[in-house]
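Order of writing sets the chain letters: A, B and C. Residues in each chain are counted from 1.
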Amino acid sequence: MEKLDLKLDVFEGPLDLLLHLIEKNKFNIFDIPIVEITRQYLDYLDQMEEENMDIMSEFLVMAATLISIKSKMLLPKEETEEEEEEDPRAELVKSLLEYKMYKYASSELKDMSIDAANAFYKEPTIPKEVKQVKEEVDPAELIGDMTMQKLNEIFKTLLRREIDRVDPVRSKFGTITKEEIRLEDKMVEIQNEVRGLKSINFKTLLGSKRGKLNLIVSFLAILELMKSGVLLIRQEEMFGDILIDSLE
Amino acid sequence: MSDTESQVNIKAAVEAILFATGTAIEATKLMAALGTEEEPIGKKEFKAAIDELMSEYEAEDRGIRLIELDGKYQLCTKNDYYDVLAKIVNMPRKHSLTDVLLETLSIVAYKQPVTRAEIEKIRGVSCNHAVNKLVEYNLICEVGRLDAPGHPILFGTTDDFLRCFGISSMDELPDISPDKIEDFRRQAEAEAGIEVPT
Amino acid sequence: MSDTESQVNIKAAVEAILFATGTAIEATKLMAALGTEEEPIGKKEFKAAIDELMSEYEAEDRGIRLIELDGKYQLCTKNDYYDVLAKIVNMPRKHSLTDVLLETLSIVAYKQPVTRAEIEKIRGVSCNHAVNKLVEYNLICEVGRLDAPGHPILFGTTDDFLRCFGISSMDELPDISPDKIEDFRRQAEAEAGIEVPT
């Protein structure tokens, strides 16, 4: 794989990075090879320094979007539908084009500003004879029919807005209750099950888990173990059995 | 007062006012000051004088020019004399705009009035810092509140924005209509050497 | 560069410099700026351009003139146009409190003494312009410094503020107690149907 020695802060955001990848590979923006671009995008994220979680999270949201598009495209299309299904990439292409349009506009503006910065403006030089005593603003006239009651309403509105501005996603998390099945425990459990076996069928492994939550946490545990290099997942053919190898 | 004579005086008066104040003055204000209560100056007469003044300033031996900013008029130096001016006037160089600021600014310019959320949607990243900087530089400002939950602030561009980019009104912004997107499409076609379905 | 061409440029450059500075500039300083290190501009050439410029400004349709003061040159408004300039300068401005100013004022009134940063936190946008305007209108003023890094200015309302709102002390302000804020929080909770961590 080509070494990507680019820094995260080179890009203004995920769309900027995607446009860069599209242009570098000379991909057609209206027919983006989603598998390839997702691979390159994720490779890039892997090399990113994870110091800045704020920036990182924005890039991760895009990664999730790409993976979601990729999975939609891999799924067999439902033939029963009469009308043509929308390309899962349509929304992304729209965003990319819009972003590209403003990026183009901003480069045009940049050129214009370089030129315009060469003009000088003048401070007022009003002759003494013309200048009257500095006009006093009458605060009473300024305030007009504003009352303390109205000012109070304005302040209350502001306080409301400030509270409304709370992160709409995080603020909906509500109370976090103790997990019934802990991911850490499940990882140890699966690691123990797989250890010693050369490989195990994914279905067999999950088949031993009872309950929805148990299944979900088991699935997450497998992903975690895969990510940390304890397990290797293989699928020899499309829709074939998924095999889990222990690398320990 | 003959027509020609009054026109001469209008030109001179406009020059005197714009020179002394140094700021952008509304056309309506100039017209009010130039006329008398009995005989206010006409729009047509005023515009003719302004146009004449503008073209006279264009002459090669003039170092200043008359610019229009959204219905206001202002005098400023010609760009050509930046270097010679820099030798005498110790003016701080304008803050250079980073790419992030320029991107945010162009979205505000073309989509105004616009909320932070809309800007973020287009850029794909949060824009608080950029918006605050642009407000600080007086290139954008609050123009109202959106009638929606939370009443988010709506932003628009300022006169300083026009000055910063050397344009008289928003109509002079570079064209980025859907045609431009069409251009991108064609470009993509040419690059890929294929026909892209429209 | 031909003689005529350079002369034209000298006139324009002098106009640009004198316009931008608005002050009296020494002839020697102008000549130095107009030439290059290798080829400084000649006194004779300079004087010729200045004389030409001066007589051009004398034309009836010019509102400014070029004057010499003790080896210095300066542009200034022609006396004839003082009347019309005075009309513009002294035109009664319609002062009014915009929404931005009112919002900022209400924050200062209820949270005083308050720093710019606190105002910005509540409004979610920078407030420099609004704060400066309110200080100019003498509705708020500096009341001290916060004992924190950078020692930011603390703002409070003025006597004019009290007088205009017809109250004798801040105690008479309609109450915004912590209970009120608690109410907002509960309301927000109820709307979201969830518990908001305090």
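Here is the rule we go by: a residue touches a chain if its C-beta (ideal position, glycine included) is under 8 Å from a C-beta of that chain, and two chains touch if they have at least 3 such contacts.
All values derive from a computational prediction rather than experimental measurement.
Among the other chains, A has the CA centre that is most remote from the centre of chain B.
Distances from each chain's CA mean to the overall CA mean are smallest for chain B. If you average the CA atoms of chain A and of chain C, the two centres end up 40 Å from each other. With centres defined as mean CA coordinates, chain B is found 35 Å away from chain A. Annotation: 18 Å between the Cα-based centres of chain B and chain C.
Within chain C, the positions touching two or more other chains are listed as 16, 19-20, 22, 77, 85, 89, 124.
With touch defined as above, residues shared between interfaces to two or more other chains in chain A number as follows: 120-123, 125-127, 130, 161, 164-165. Across the interface of their complex, chain C is touched by residues 120-123, 125-127, 129-132, 135, 137, 139-144, 146-149, 151-152, 154-156, 158-166, 171-172, 174-175 of chain A. Only residues 19-23, 74-80, 82, 85, 89, 91, 93-94, 97, 99-100, 102-103, 105-107, 109-110, 122-126, 149-151, 163-167, 173-174, 176, 180-181, 184-185, 188-189, 191-192, 194, 196-197 of chain B touch chain A when the two sit together in their complex.
Residues 12-16, 26, 28-31, 54-55, 58, 62, 95, 97-110, 112-113, 115-127, 130, 157, 161, 164-165 of chain A are the ones touching chain B in the complex. The touching residues of chain C, when paired with chain B in their complex, are 8-9, 11-17, 19-22, 25, 29-30, 32-34, 60-64, 75, 77-78, 80-81, 84-85, 87-89, 91, 99-100, 120, 124-126, 128-129.
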